[in-house]
Amino acid sequence: MKRQVPLLITFFVGTLLIVSIFSPATENLGEEFSVFFDVIAVFAFFLGGGNLLRVHLTKISRKREDWVYSVVTLVGFIVMLWAGLFKIGNEGGIAASVTEESSLFGMVFYSVLIPLQSTMYSLLAFFIASASYRAFRAKNREATILLVAAFIILLGRTAFGTMLTSWMPPSLSLAEIPNLAIWIMNSPNLAGQRAIMIGIGLGVVSMSLRIILGVERTYLGDDGK
Amino acid sequence: MFWEHFAVWVAAFLTLGIYSFLYKDNPWYKLCESIFVGISAGYWFVTLFWDNIYGKFWVGVFPPTHVNELGESVRTAQPDYWLLVGAVLGLLMLLRLVPKIGWLSRWSLAFIVGATAGFYLINYFSSNVMRQVQDTIMPLFGSGFDASAYVIIGNIVVAVGTFTGLIYFFFSKEHRGAFGFSAKVGIFFLMVTFGASFGYTVMSRMSLLIGRIDFLLSDWLGLIR
Amino acid sequence: MQYIRPTDGGRRSRLAFGFLSILIVFAALSAPVVAQDVVADTPADTTAVSHVPAPATSVVVDDYKYDFGDRLNLSWVPSIDDQIGERMVLGYIVYRSINGGEFKPLESLLPGASSFEDKDLHADSSYVYYVAAFSETDTVPSIHTQAHQPEREFIHFDLLWLFVIAALISFSVIYFIWMARAGKDLFVRKIAGLDAVDDAIGRATEMGRPILFIPGIQDMDDVQTIAGLTILGRVAKQIADYDTRIRMPVSRSLVMTAARETIKAAYQIAGRPDAYSDDMVNYVTDEQFGYVAAVDGIMVRERPATIFLLGAFFAESLILAETGNSVGAIQIAGTARPAQLPFFIAACDFTLIGEELFAASAYLSGEPKQLGSLKGQDVGKGIAMAVILIGVISVTLGKAFDIEIFNWIADALSTVFSKAGGS
């Protein structure tokens, strides 16, 4: 019962969704099921949120290293739950949008969460620089190809790239960096993308079949032996 | 006015706190990190609650009513009792909190994994395999011999690149001899693809950083107007 | 997903439209001449010209193929007063009557519109439509359509070839799994990134540092997350064998639940159920960059010896991989998102590219039946390559030299491989 029922559910639901696509009567089943998933995900959040509370409360109660930051996390979490679930300070009342700017939830969202998100995202500028530097130092052939392609595309998107080859005669215009960058994007890049995508498509077919047939069951806490 | 200034100062404090991580881990970053984690976890639960539990589940099962011109109270839509299946699966997930019957949560997990595997099997196969193969079938020289050398070379590169890229992904044959050479050509195309993606992204990442610097210099310090 | 294909009715109505269009073009060409004549004769009295627009014509309702009797297609030839440059018509209003009832306005459309898809209908009801063209001052209805009842279809014949080829490849996967079960020896080449897993876990054991496993930032409804967790099953067993510490912060509650099941089972299989703890996996936050901030913190504070980044990654891929690199961890990454692969390649020691991510669990298991499935997907690749080769040669020779047989092959392949390919 503990082992067989989940495998039967996976088999039945998986097969049903494959077959459903081929009948107009059931073609929207995947979308229906995605709503089930949305509902399950919220219930599951009680487990995740509960885990968050437990981890930080344990840290605080045992006065582990950096426990003070756990207090900050918990306060932030609880304030947001309180502000959002009860729509505190929301001018439109309970029926209005939860992120309305006048509400406490909206204020925290716009003045704390948005700047934090944008700043964390912008760290990529620094990391892309360090990754480029590493690629530049790499001595193998693959890294060199990657770097050359990246360099041409990068230059092709800047005014500097246009300037560099602007002296070339019109007969060689195809070799100008912006045109070369377009050619790379449209030809070798497209070829590589296609090979990767076809591979991914077949990989998904194979893995999905292993799951539906119960050959792959590690995710259910079962090794299949 | 005070709150607007205060929000800018909070945002600046958080921005610089996140950037301080680039130097090394420090209490300022830890503070920003804990604020980020606590507030964002709360934000997500509230959003999921209002969007999914209220917006999709509650409104779906108990559609709101309105009073028509005859003064009768009528539903705006038919109740979708299928959504209760999602709620049952969600409740099963919560049974993890009861150790003796916690294994029932695997049923929900099996449902989700089966549905995902079934849904994406055909979806990926259709969009990643069928579509890409179809798009690769094209006349190398155009209709008649009307294509320019530039286009012909591009077409040949796309066809050869896709073909050899797929050879690279073959699992059942060792990359040796002519097959190995083709796989190496395939790797070349894959590396150009990765380089192109890399180069294409650099500028957009830089613009994110510029956005944050602009915030610090203009909104916060008022140095740029 | 909708697969739209012209129906026979559609073809017939297009012929009718074609014929009517010719008439309309003649009418349109002659109309300004008449108008100019009027203006020339009575230059002071321009208001005498009528502003009532001509109605939309040839309003036809067709059944929607293939649906479950819930859609109809309405199409018409726009009013001759609805032309670019001199638009007297400001738009169209579609009116509908259900089962002979009163006509009610259904949808307002912009000028130039010539079709409308009516959804959420009932197969047992009958629908009549008309389209009203309106100008600033007037509204002119078209004639009514015939009453039409939407028809139900039970099989998507549009998708026949998709079904046939998907079935062919699926059967090849199942066939090779079955062959492997029956004891046939199947060869699978080495995959460098996966051969490194053993060493990477061993390294963490020797250094006495934890292993960090990041399954991406998507939920269990993403195949990449599932692929990441299937790999976790194999990796966790080795971790349990080596008695190394695993740390797995996740960004989704469901992933937390599934990952705990997976690791727990791995420890049981390894004969060390007591060493398992739920604390190995903890939920951080669903928010993309909030999660990244926390994982970066864990990386620099706990300095894991080995980091696995396997699943669906977005912009955070590079932040995580570069931070992991900066703490000197061996990193094995994999994703099926082509846009993030270059960053993993630049910052990680080994990268599983696309398909390799989905094959990894089967490869690591070493079980014949799992490896058999990889053979099956190679058959799919073989078919794709053969079709590309034959297709490109045929279409090239067919187009260049106009050889019928090659054109026929190219058309046939194109039809079969088109998503909405013919039946």
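A, B and C label the chains in the order they appear, each numbered from 1.
Basically, a residue touches a chain if its C-beta (ideal position, glycine included) is under 8 Å from a C-beta of that chain, and two chains touch if they have at least 3 such contacts.
Note that this is a predicted model, so its numbers are computed, not measured.
Trainee: Drawing the touching chains as a network, do you get a line, a ring, a star, a complete graph or other?
Mentor: Graph shape, chains as nodes and touching pairs as edges: complete.
Trainee: Based on CA centres, what chain would you say lies at the far end from chain A?
Mentor: Of all the other chains, the one whose centre lies farthest from chain A is C.
Trainee: Distance-wise, how many Å sit between the C-alpha centres of chain A and chain B, to the nearest whole number?
Mentor: 4
Trainee: How many angstrom lie between the centres of chain B and chain C, each centre taken as the mean Cα position?
Mentor: A distance of 13 Å separates the two centres.
Trainee: Between chain A and chain C, what is the separation of their C-alpha centroids in Å?
Mentor: Centre-to-centre distance between chain A and chain C: 16 Å.
Trainee: Where in chain C do residues touch two or more other chains at once?
Mentor: Answer for chain C, listing residues that touch two or more other chains: 1, 166, 169-170, 220-221, 223, 226, 254, 257-258, 261, 283-287, 289-290, 293, 338, 341-343, 345-346, 353-356, 359, 374, 377, 380-381, 384.
Trainee: So which stretches of chain B touch two or more other chains?
Mentor: 18, 21, 30, 32-33, 36-37, 39-41, 43-44, 48, 93, 96, 106, 109, 112-113, 115, 117, 120-125, 127, 129, 133, 136, 159, 162, 166, 169, 190, 193-195, 197-198, 201
Trainee: Give me the residues of chain A that touch two or more other chains.
Mentor: Touching at least two other chains: 21, 37, 40-41, 44-47, 49, 52, 113, 116, 120-121, 123-124, 128, 132, 135, 146, 150, 193, 196-200, 202, 204-205, 207-209, 211, 219-221.
Trainee: In their shared complex, at which residues does chain B touch chain A?
Mentor: 3, 7, 10-11, 14-15, 18-19, 21-22, 30-53, 56-57, 60, 82-83, 85-87, 89-91, 93-94, 96-97, 103, 106-115, 117-125, 127-129, 132-133, 135-136, 150, 153-154, 157-162, 164-166, 168-169, 186-203, 205-206, 208-209, 211-212, 215
Trainee: If you look only at chain C, which of its residues touch chain A in the complex?
Mentor: Answer in residue numbers: 1, 66-68, 152-156, 159, 163, 166, 169-170, 173-174, 177, 219-221, 223, 226-227, 229-230, 232-234, 237, 252-254, 256-258, 261-262, 264-266, 269, 279, 282-290, 292-293, 315, 318-319, 321-323, 325, 336, 338, 341-343, 345-347, 353-359, 361-362, 367, 369-370, 373-374, 376-377, 380-381, 384.
Trainee: Contact residues on chain C for chain B in the complex?
Mentor: Checking each residue of chain C against chain B gives 1, 162, 165-166, 169-170, 186-189, 191, 220-223, 226, 254, 257-258, 261, 283-287, 289-290, 293-294, 296-297, 300-301, 338-339, 341-343, 345-346, 353-356, 359, 363, 374-375, 377-378, 380-381, 384-385, 387-389, 391-392, 395-396, 398-400, 402, 410, 413-414, 417-419.
Trainee: Using the touch definition up top, name the residues of chain A that touch chain C in the complex.
Mentor: So the residues of chain A in touch with chain C come to 21-25, 27, 34, 37, 40-41, 44-49, 51-52, 55, 113, 116-117, 120-121, 123-124, 127-128, 130-132, 134-135, 146, 150, 193, 196-200, 202-211, 213, 215-216, 218-225.
Trainee: Which chain B residues qualify as touching chain C in the complex?
Mentor: 18, 21, 24-25, 29-30, 32-33, 36-37, 39-41, 43-44, 48, 93, 96, 105-106, 109, 112-113, 115-117, 120-127, 129-131, 133-134, 136-145, 159, 162-163, 166-167, 169-175, 190, 193-195, 197-198, 201
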